[in-house]
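There's a structure below that I have some questions on.
The first chain written gets the first letter, and so on, giving A, B, C, D, E and F; residue counts start at 1 in each chain.
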Amino acid sequence: MFTHTQALQFEAKPDGPDPAFARRMQEILGGQWGEMTVATQYLLQGWNCRLPGKYKDMLLAIGTEELAHVEMIVTMIDRLLDHQPLKPDASDRSKEAAAGFGQVNPQHAIANGGGAYYKDSMGVPWSGGYVTASGNLMADFHYNATAEMQGRLQVSRLYNMTDDPGVKEMLRFLITRDHMHQNQWLAAIEELKSDGLEGIPVPEAFPLDEEQSEYSYAFIQASDGAEAAAGRWASGPAPDGRGQFTARAIEATADAPVLPPGDPRLFGTPQTEAHGLLQKAKDMLT
Amino acid sequence: MFTHTQALQFEAKPDGPDPAFARRMQEILGGQWGEMTVATQYLLQGWNCRLPGKYKDMLLAIGTEELAHVEMIVTMIDRLLDHQPLKPDASDRSKEAAAGFGQVNPQHAIANGGGAYYKDSMGVPWSGGYVTASGNLMADFHYNATAEMQGRLQVSRLYNMTDDPGVKEMLRFLITRDHMHQNQWLAAIEELKSDGLEGIPVPEAFPLDEEQSEYSYAFIQASDGAEAAAGRWASGPAPDGRGQFTARAIEATADAPVLPPGDPRLFGTPQTEAHGLLQKAKDMLT
Amino acid sequence: MFTHTQALQFEAKPDGPDPAFARRMQEILGGQWGEMTVATQYLLQGWNCRLPGKYKDMLLAIGTEELAHVEMIVTMIDRLLDHQPLKPDASDRSKEAAAGFGQVNPQHAIANGGGAYYKDSMGVPWSGGYVTASGNLMADFHYNATAEMQGRLQVSRLYNMTDDPGVKEMLRFLITRDHMHQNQWLAAIEELKSDGLEGIPVPEAFPLDEEQSEYSYAFIQASDGAEAAAGRWASGPAPDGRGQFTARAIEATADAPVLPPGDPRLFGTPQTEAHGLLQKAKDMLT
Amino acid sequence: MFTHTQALQFEAKPDGPDPAFARRMQEILGGQWGEMTVATQYLLQGWNCRLPGKYKDMLLAIGTEELAHVEMIVTMIDRLLDHQPLKPDASDRSKEAAAGFGQVNPQHAIANGGGAYYKDSMGVPWSGGYVTASGNLMADFHYNATAEMQGRLQVSRLYNMTDDPGVKEMLRFLITRDHMHQNQWLAAIEELKSDGLEGIPVPEAFPLDEEQSEYSYAFIQASDGAEAAAGRWASGPAPDGRGQFTARAIEATADAPVLPPGDPRLFGTPQTEAHGLLQKAKDMLT
Amino acid sequence: MFTHTQALQFEAKPDGPDPAFARRMQEILGGQWGEMTVATQYLLQGWNCRLPGKYKDMLLAIGTEELAHVEMIVTMIDRLLDHQPLKPDASDRSKEAAAGFGQVNPQHAIANGGGAYYKDSMGVPWSGGYVTASGNLMADFHYNATAEMQGRLQVSRLYNMTDDPGVKEMLRFLITRDHMHQNQWLAAIEELKSDGLEGIPVPEAFPLDEEQSEYSYAFIQASDGAEAAAGRWASGPAPDGRGQFTARAIEATADAPVLPPGDPRLFGTPQTEAHGLLQKAKDMLT
Amino acid sequence: MFTHTQALQFEAKPDGPDPAFARRMQEILGGQWGEMTVATQYLLQGWNCRLPGKYKDMLLAIGTEELAHVEMIVTMIDRLLDHQPLKPDASDRSKEAAAGFGQVNPQHAIANGGGAYYKDSMGVPWSGGYVTASGNLMADFHYNATAEMQGRLQVSRLYNMTDDPGVKEMLRFLITRDHMHQNQWLAAIEELKSDGLEGIPVPEAFPLDEEQSEYSYAFIQASDGAEAAAGRWASGPAPDGRGQFTARAIEATADAPVLPPGDPRLFGTPQTEAHGLLQKAKDMLT
């Protein structure tokens, strides 16, 4: 259950409108790696978590914080959208005006009336398919760490795409929190290991003797790049501490497959072959 | 540039058809974490990689191997789809027949004529949006590690959903390779660090003194779970070695925002307020 | 900014697992008219609302409540997913077992490990495109009223699809809140009118004398149903109080359009006609 | 069954090409609230309507008219796309040329060869998921009224984005019809009530004594906006005439939920805890 | 402009309800190759066609007919959905009941109230992205021919999935029309050629001497299948009458590409290499 | 199973960066008719092909070649993305700079760090739903021919959108291969016929005497275009050699349908009519 306060976790006001940057900021609101993804993902992982205690509690805490970031970014985009030019202004011959008109998101005006929405910088709607909550915290915490890395990377790039001090101030806040959250997930991964809850390979509970052991530590060179096996991943001890990496070329262990014939009621090509060739033979004879 | 051999990297034949399991296997072919994702993602990361050498070479090698896994799974699904019941058979009163008819994917017959396709177990098409190639290898390698964890997890679950020895044999192969690939990405992450190419937080090149330092290591408790701060993520040294975790409650640093009035040409609600209230007053007077 | 408490707004426990019903409940979680839609929509309308005061405050209140409903439904689905059969059980020959296995959502097990997600009952991901925040509160409040009607309708149907007392108790709670919320939006529509903020037709601020007045109140019969004009919509005063309905047949006011020829650099068919016919004429001559 | 005449219901020709506006007009053709949505939605509601007579007949009439609007807009977009610049013209240094090149939809040229298509102004394909036909006419007529409000709003905004007299003439026609159709659906809602077919709350047939009555008329303040309860929706009689609004704070009625442990065959985190802690203890002992 | 008559082009009533088959029929209503696709595609090609006369007129005629097929299939699905079981009936122990409950589309009841919608047999919404209108009639007529082949194939498969005489009668009608329409598009392709409007290769107007002629007729063997070049496509005259097929192995004509370094403001991996290695060297020295 | 060589099948370097053209090239990489579609489609058709021999072998050969084209286009887009302007440059007042900034794809920088991805020119992700592998080679080969026509058409249009010699050189290569592949599929269609494997109508194996013969060769005029029946498709022998075309107006063969009443448990409108009218009558009496 949530309660909301209208006061913002962090606020910064832009110096002036910039609808082109508003479009770009949609990426970190409604894009694959935007705040909608992390907010709803951490909450879902928390709610679905069947192990009570610190992990579940932590997930719900961070998910709730991310909702505040959704709110902050929506508010910033709204402000950047003021005075969006609706049509080319014949009296303004500056390059900025032209570019400004050219690169806006027309839905910001036509559909939203000057407001943000849950889509990315190219107008593709945010999708519930971006969210993963697998039930295995180790797998999911790695995904969460990734999300914070991709997120900080995108905000850092946006930081280089504007000169507005207010916008940059907010981006710095987001970059800082993504820094914290990277650390948080990496620490949680260590905690899972030290609590003995999960290890590498995930899922650790799948019995290793069911594996086909000749492939467990083999780096397979299917491309001709000369240095493909020149990294740690192809020789020496594997990170899971259970084997030694080797390298080998890709090779077939089975012949070309032959599929069984299809069901004639599905009218695929193979099943009519005999009949067809018969027909053809008949045609040739007559 | 690729060359293809029809011989398979690994093959196993099912004991008999099982269209219900064929539907389930679609998840690891065309689902978010299926083989289509990892094959096309690793190749894209490799092609886009602007740093020549071992990382690029390795990415192209593993991406090419994953294409062979797409092929293997397609072939297995094709075999499982033989003899899919097209309608309930009144003479077969077994539970298995009923269930078998009930849970198949009808598109396997209607659209594909008894073959696999690039969709997940619920029929949602595979999306290019599943793929990430950010240009930052550290962020992407974490994602790749995640993908192999989610992948091995899903295949391990499928392993518990069938008794067919041939199917299980192929799943064991995939589980084994996902084991290897988890190790591979974790090793590559270490290599990036030891080569000085990237560190935590990602991107390391963004200057830390631009951050708002009071938030860089603060775990924020926005939910009331008693143990939210009871893990490594809320006290002690952070994994990046650059600070100490602290914990605090979420708090507002800004008032409730007041947005500027909208553009009247967009016909949103606010801008007509004065006019509307005037109109209402006039109505009351007349 | 939000704070979260793990205590639920309302909770009810199912008598037993029912993975088939868990699949069906996904519709009101991640479907077009599910709780994800109303929660994120009301919050977005509130954040984007440029008019401070009661409307904005109310939107944020109800949006926050709906987040609690997302949480409740996720929790219920999680409970219903326990003991989902992973494969047909040869020793259980009951019809329920067969049906129960047949109609589950396989992603609940394979992808989520026994948890809910943000997709509908057919596995289609929730989309940010479901959400509308147009900036015009009258238009949006009608949409919100619709959402609560569709929502209550769907939950009422689900109510007839289960016999589990705990599940029914939660559904009754949701049905009750959707009742309240229908009333709420209808009251808010009246308030907008009485505050003079917006009227019919939306947007009222668009000058009516710019309309083509002969079409403003004309019901057009383009289908041959005998009673198409037998309702209030085709005669008598229109609800906006500004005109009288009339009825007429559909009729063309313009000839068949003739498009200008295409750009030859785009290689469409038309532009080569002259050349092509010339070629054909030449061929006929030789 | 339909018959088609090539003569248009309404036609207006643009003064000149304007590919940037052509892109914007896609919103009312293939966007969520565009003509494709209302045409196919009204027809589907009509075909699915199980009650013969005026409602069904009216739905099919308006759906058929909307098909004519699809046709009109396609024709207008086609005309606006003539002479789309294919690359920057170094000899034209006007701002309009630059802007005009910048904001076009490249698919109009590359994929369509200078024609319209069923996508919105950002290139997202129209989706059958935009359409609702619930079987309950009251719920659907509210949605239809919304659609006409959103539609008229969007066309009114487009009206302020062009100076071309021909384009404005067509937009005026569409604005006028959306005016009529708002009235039509509001009148139909009244007709449903007066015919006793449906009332508030929808569905009226769900027995009210199954509701949890303490929540039926309670406005719940989950956000701290001071005026959230200052509207009609929180005090006084409810629009359904069946109760009095009250207001209260959000409160939990249940404790934090505890989920049952997961199925170990799904390899989620919780189920391995005991084993894991045991393992950890062993490790500490040895 | 369209007019509609409620009388159907063709009608057949099912013997009884069959919600499982209703789900399957959705494929030919709202699937990639269903009636929604062909109806909206032919109309769009007709409206966009810049060449007046027989092709445009024919496209609009067939598009309009296909709208009648949409209507017929919706009506059939509605009838098949009567008496859909809402929950397992403990007193009915037949296999058919179990299977019948298991394989229905739950949205047919929950969202539509017993009606059809614009989605495929797996619940994926119909997409405007299925439609192609390229402006080049030869390319599009080939697509149209394909659509009718895929369509007839799917209906023929459905024909083998039911025993209901009424359903089969309607399917026979659709199979027949798809037969006609295959012929129609193949005839139209010939007409385009004989009118000199387009030829092979499409677009014929692109100057052949701009091609890289050594690749114009070369079949490239990139896979090791022994018979890959054993068909007409690898030797003898090509269908366009302009060259002779040859066969050769795939071969590289360029070295492995080396990409330029990335922009350091985007924080990709390569650009920090020098700095990173420097840092590493420094670390080693100190 | 695949092996990869980093050497490219064909390479050409652009004279300089052009991020606007990079955006446009995405259409032939990740659009509906781009290289991702043909590569994955031909491979899937090959893997699913149940008839061993030349068709299967050929499909796998061409699918493998198309993977090389994906690689080439990714590499070209990467090169065109260098030096993408991140914000308007106040010191550069050229029109090209303005336009160049306006029309880029912001995700190329924000999400990809200067690299290509699997989306189209408007940012819509590539979808597995673009791919068809029906099991019937005749239907699929027509689709494949279409794909090559649409593909060559799009590349030819792109050819007219750039002046860069290196880009044009690569486009010429692609245009050439699409020329070859059109021929290849048309030859394969002939081969299928001459092998007696499939004919017109597809599927030929569906018994023609099950058709409703009066509709098998009838062109139906549902639109009023005067020349709709003036082509080969409405008179003379049909291409399948099995009948003569005729033309007729569209006509109804059945009355307006009357649907059965709905299930009252679904709360649709009809079922409450009797009750509602009763209620209304009662109201009028009291």
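The working rule: a residue touches a chain if its C-beta (ideal position, glycine included) is under 8 Å from a C-beta of that chain, and two chains touch if they have at least 3 such contacts.
Values in this document were obtained by computation on a predicted structure and should not be read as measured data.
Student: Which chains contact both chain A and chain D?
Tutor: B, C, E, F
Student: Over half of interface residue numbers shared between chain E and chain F means same, under half means different, so which is it?
Tutor: same
Student: In whole angstrom, what separates the CA-based centres of chain B and chain C?
Tutor: From the centre of chain B to the centre of chain C is 26 Å.
Student: So what's the Cα centroid distance for chain B and chain F, whole Å?
Tutor: Centre separation, chain B to chain F: 26 Å.
Student: What residues in chain E touch two or more of the other chains?
Tutor: Chain E, residues with two or more chain partners: 1-9, 32-33, 48, 50, 55, 57, 60-61, 63-64, 68, 75, 78, 86, 94-95, 98-99, 101-103, 109, 111, 113-114, 119, 122-125, 127, 129-130, 132, 134-136, 138, 153, 156-157, 160, 203, 206, 222-223, 225, 250, 252, 256, 259-260, 262, 265-268.
Student: Where on chain A does chain F make contact in their complex?
Tutor: 23-24, 27, 31-33, 95-96, 98-103, 120-124, 153-154, 157-158, 160-163, 222-225, 250, 252, 258-262, 264, 266-273, 275-280, 283
Student: With touch defined as at the start, can you tell me which chain D residues reach chain E in the complex?
Tutor: Touching chain E from chain D are residues 1-9, 30, 36, 40, 43-44, 47-48, 50, 57, 60-61, 63-64, 67-68, 71, 74-75, 78, 111-119, 125-136.
Student: Looking at the complex, which residues from chain D come into contact with chain C?
Tutor: 5-11, 32-33, 46, 53-58, 60-65, 68, 75, 78-79, 82-84, 86, 109, 113-114, 124, 127, 129, 132, 134, 136, 138-139, 142-143, 145-146, 149-150, 152-153, 156, 159, 172-173, 175-180, 182-188, 190-191, 200-203, 206, 208, 210-213, 215-223, 225-234, 238-240, 243, 245, 250-257, 259-260, 262-263, 265-268
Student: Sort out for me which residues of chain A touch chain D in the complex.
Tutor: Result: residues 1-6, 48-52, 55, 86-88, 90, 92-95, 97-99, 101-107, 109-111, 113, 119, 122-125, 134-138, 192, 194-198, 203-206 of chain A touch chain D.
Student: Inside the complex, what are the residues of chain D that reach chain B?
Tutor: For chain D paired with chain B, touching residues are 153, 156-157, 160, 225, 256, 265-267.
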